[in-house]
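Below, each structure is written out as structure tokens.
Next come two complexes, and both contain subunit A; in the first it sits with subunit B, in the second with subunit C.
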Partner chain A sequence: MKMKQKNLGHFFTVSMVISLILLTVIILASVFAAYVAPYEQAAIDMSKTFQAPSAAHWLGTDNVGRDILSRLIYGARVTLLSALVVVVISVIIGVPLGLISGYYGGKVDNIIMRVEDVILAFPALLLAFLFVASFGKSITNAIVALGIVYVPMISRLTRSLTLTERNKAYVEAAQSIGFSDTRILFRHILPNCVSTIITQMTLDIGYAILDLAALSFLGMGVQPPISDWGAMLEEGRAFIQISPLLCLAPGISIIVTVVLLNMLSDNIQMYLDQSQRKLPSFKKLRKMAGGLIEQ
Partner chain B sequence: MNSDSIISIENLTVNLMTTRGIVCAVRGVDLEIRKGEIHGLVGESGCGKTMTAKSILRLHEENRTLYGGRIMLKKSDGAEVNILDIKKKELQSIRGREVAMIFQDPMASLNPLLTIGDQIGEMLKAHTELSSEKIGAKTLALLDMVGIKPAEERSRQYPFEFSGGMAQRIMIAMALSCDPQLLIADEATTALDVTTQAQILDLMKDLQRRIGMSILLITHNFGVVAEICDRTSVMYAGKIVETSSVQELFDAPHHPYTKALINSIPRSGRSGERLVTIPGAPPSLLQPIKGCAFAPRCQYAMEKCCQEPKMRMVKRGHGYACYLNDDREEAEHDG
Partner chain C sequence: MGRYILKRILQIIPIFFVVSIIIFGIVRMSPTDPVTVILGGKKATEAAIAAVKIKFHFDQPIVIQYLLWMKGIFTGDFGISYKYQQAVSGMIAGRLLITLGLIAISSFFGIVIAIPAGVLCAVKKNTAADRVISVVAVILVSCPVFLTSILMIMLMSHINGAIFTGTYTNLAEFFQRLSVPSLALSFSMIALVARVSRTSMIKELKSNYVETARAKGLSSQRIILHHAFKNAIIPVITVASIQIGAMIVGAVLVENVFALPGLGSLLISGINTSDYPIVQSIMLLLVGAFLLINLLVDILYAVIDPRIRYE
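Take a look at the complex of A and B:
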């Protein structure tokens, strides 16, 4: 009889479901911003400035009468997408570097790690400033800069994971079989590291949102008329006493998204690490065992 | 190199750089493995058996290891190469195809994230130019050959779904997939229970007869040696002290270390007696060793032993490195 082993432990814990649903809502809203948002993001209406929340404008309006909710939804698009791109860039560069330096060690490792030390020695934002300042203010430059700044984080993690994997017997067995280094690195070592790397990625998206917001807040990121949450914060700062919602709305959005991402990454990590996984209750376990456990 | 040997190790030395100093793990090993034989390599822990075996595939970390001597391999196309000399590319074509190796812990030797069918198939893909259908068929045939049934279903399972003995069978299937000339079994049965051990040994002997490859069997278990080996070398402190056919080794061991090892095999029917051991421990390989390395533990040690004894032949195929039983010496000893 062919029996499918039931997977013990829930993937869908309560916090996992909450974070997944809310993140999906945020992502869907930002993707379909044109249909979801009640107003155009740049629709100016000078007769309705600084309005309090109402049925027409759920989160009120800003200094030139734009609908804050609509701008928030459009802003999510830029914020989330650019954060994702930042992380993807850092993974594409950082993971192979980490694998190589962990696997070969010696001189190669030294060179890669010392270069990354230099990057780490500067605060991430400062380095991003330098990059944007020398290549021009634009969201693309901000993304590339942050992507590079994030490389050491991912590659150091990959390196230390590789160091532990490298000494395991299956790697030696793979060497004794005559596999090439590239094959051993990407087909044998990398898959065994990938769970931790994914967890770090979700965490990094949260950091990237914050850093991008900071860059935009300082005017180094997105340029008007496009807007993201950081830029909205910056614009609202001048009017914080007249209408606090101008700052609160994007600020809370950033916090919520980052917290949700952290929750997601915690849950992923918990699921991938068997020993941390939440098991179903004893009652359920007994039912699953189907009478195998004596009462 | 003799015409009937496939690997001949000549004066191999392996020095490993560690944080505690340079370890002379192998101090001049001569070893010849003939076509179609099962050659045992016996010795206490830490005497360089595994070090020697790994050197055959050059598996030590390149930037921390100094090799000396030669390891000549006769490839299946007839060409002779020195494994310590060749480029990495060529080495990779030898690993797995000409010489395959299985390890002590079969569970850890399999990649936990790939199905075993994938792992065997990957090996075939790396070394042969078979189409993917043929690879699939051959994978199943291999699993069937080592007694994993039903092969089709089990090939889709992951390593954790197998027991240790089964995993070692898979490792053997993998090692044999490219028809190597030599299989190195490094303590391949040590981690298994006695019944499984016997099964794996039977399997190895059976396959060896059918395929006609050679096996270098590393073990510290004389029972295993007696069971399946044709010839055996005894190693001590990075050197081979005695080589002979198994029959002769048990009947007439010449080196005191061999004698002591054979003496210390526990025998049934002698309950109550103390187990025979060899007093002392093997010397540290961090310091250079002068003379015979076994002398400090040897009950026959004499003054001459502070000079390294050379390998002397009792007859063709049986040699030992000791001054004892040398006719002239023995006369002196008795007198």
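Take a look at the complex of A and C:
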């Protein structure tokens, strides 16, 4: 019990708490957009175009009088959900591939690695361009393409984790009991890798947000009337001289979200990597030692 | 050394061909019929359609079409654009220099600004200068390149004489058009390279040989530049070259925002108009460049660190 308390103390560092709280706020706002957003995202009001920030419109209005804050909140929904789906696709394909190639090695490993070499030969966004160019411009195509592009990253990570786990005693024990390989891989090895994979996932969501925004910005991601932050940037670009907020609002949202995700990922990694953990403060140490130091 | 280089080249050749098959295959899987794109969607006579089919080799089986394209790639004939009805190789040649210039100038900025900044941070560790540079670096890393480009345009529009469009007849014009877009493109590289040079330099400054050099009474300038820096540079080269590779995609975005007549803007317009000869050729060219950069990095590595050659 005491052990657990100590771990919790390390886990919640200041930057961890800040990033967790802000990310939760962003996620909740996007999930409950219908209740949080002050206006409908498509509510056009031509009598109120390009308004400066005011009490009624906190971030002002755009070229057809839509409330920027409301569009931002609804946009967050599309942006975050698409990024999450990209990462989930890459995990669903990548993790089993990594487990198999790490556990069995040999020919299977070789084939999987060579196929991934080919995917890695493409800069991430280029493969997405190719998919969208051929199968049509839609957010689904963009998500599927990015999901595939992200597979090698997560798969190679899982593979290297599996390689170290494979030779441990508990795997040998499971093998000698006669458990099936599937059971050993998913019930025994995977749980030991899962924390590192989650760290990578948080980081990947950040990358996915940036890549999806780039696609939407080029008009290859979400199609009107739906819009995400990238599409808002593209729309706002034409009016940048009249109202810079049209670009700044989605732009800053992207930066803040990605910085928060990076912070979160860094902190989880630091927590998992024992060598980087900070020692508890002297006060805490004294408490843990139960007054032993005083004597 | 020669054997190592040969081995790496032999590894890359099959990847290049598989990539070309994937690009060709995905482009051909498109539901859009090329004939309608070529004829501009207009009604055409049977004879006109047949003529187009022969001109663009649609009458041949797909494998032959691929082989013709591949043969063209190596002989400088990238096919004919559906929309413009002119040779793709000529269109690419006219734009190649701008994309190359953009990436070259950005890499120059990235290295010249980032490495000194990183080293400065490491030497002045935990001072105000270090903190400011580190925070700026974190923000720059998370800032999408198209956003920095937009912000740069916004800033530059208030400065007289800053023009990104126009002719590229001489070198001065070339630099005038490309310097600001290049700076926008280089930001993420600056941020990452600075961060890595800082970490790497801090690690080296702590090491035993630096201590020995100090004990010998060498000046701290000599220790930093001649001893620690030489060892700290290896991870920096990795990150810098990965970033130069990433700039290939970044250049597409920057060209689009600044309306530069480079390969990237041609690629995007090709995608928008279903002009597949343009799309597949530029795509293969960019992936080829990406592979080549990776190859050069591996070779550079082997030169710097002989241990890698014997793995």
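Heads up, the rule we're going with is that the second predicted complex is superposed on the first by the 279 of 295 C-alpha atoms of A that agree within 3 Å, B and C clash if a C-alpha of one lies under 4 Å from a C-alpha of the other, contacts with A are read in each partner's own complex, and residues count from 1 in each chain.
Heads up, the rule we're going with is that a residue touches a chain if its C-beta (ideal position, glycine included) is under 8 Å from a C-beta of that chain, and two chains touch if they have at least 3 such contacts.
Worth saying up front: this structure is predicted, and the values here are computed from it rather than measured.
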item	value
Fit-or-clash call for subunit B and subunit C when the two complexes are aligned on subunit A	fit
Partner chain in contact with A:218 - subunit B first, subunit C second, else both or neither	second
First, second, both or neither for A:12, with subunit B first and subunit C second	neither
Touching partner for A:210 - first (subunit B), second (subunit C), both, neither	second
Touch count on subunit A, higher of subunit B and subunit C	C
Touching partner for A:179 - first (subunit B), second (subunit C), both, neither	first
Touched partner set for A:134, first subunit B, second subunit C, both or neither	second
Touched partner set for A:187, first subunit B, second subunit C, both or neither	first
Superposition-derived angle with apex at the Cα centre of subunit A and sides reaching subunit B and subunit C, degrees in steps of 10	100
Partner chain in contact with A:32 - subunit B first, subunit C second, else both or neither	neither
After fitting on chain A: smallest Cα gap, subunit B-subunit C, Å	12
Subunit B and subunit C footprints on subunit A, overlapping residues	none
Partner subunit A, residues of subunit C touching it in the complex	15-16, 18-19, 22-23, 26-27, 29-31, 138-139, 141-147, 150-151, 153-154, 157, 245-246, 248-249, 252-253, 256-257, 267-268, 270-272, 274, 276, 279, 283, 286-287, 290-291
Contact footprint of subunit C on subunit A as seen in their complex	117-118, 121-126, 129-136, 206, 210, 213-214, 217-220, 233, 237, 240-241, 244, 247, 251, 254-255, 258-259, 262
In the complex with subunit B, residue positions of subunit A that touch it	2, 105-106, 168-170, 172-180, 183, 187-188, 191-192
Contacting residues of subunit B [partner subunit A, same complex]	57, 59, 63, 91-97, 100-101, 103, 105, 108-114, 122-123, 126-127, 153, 171, 174
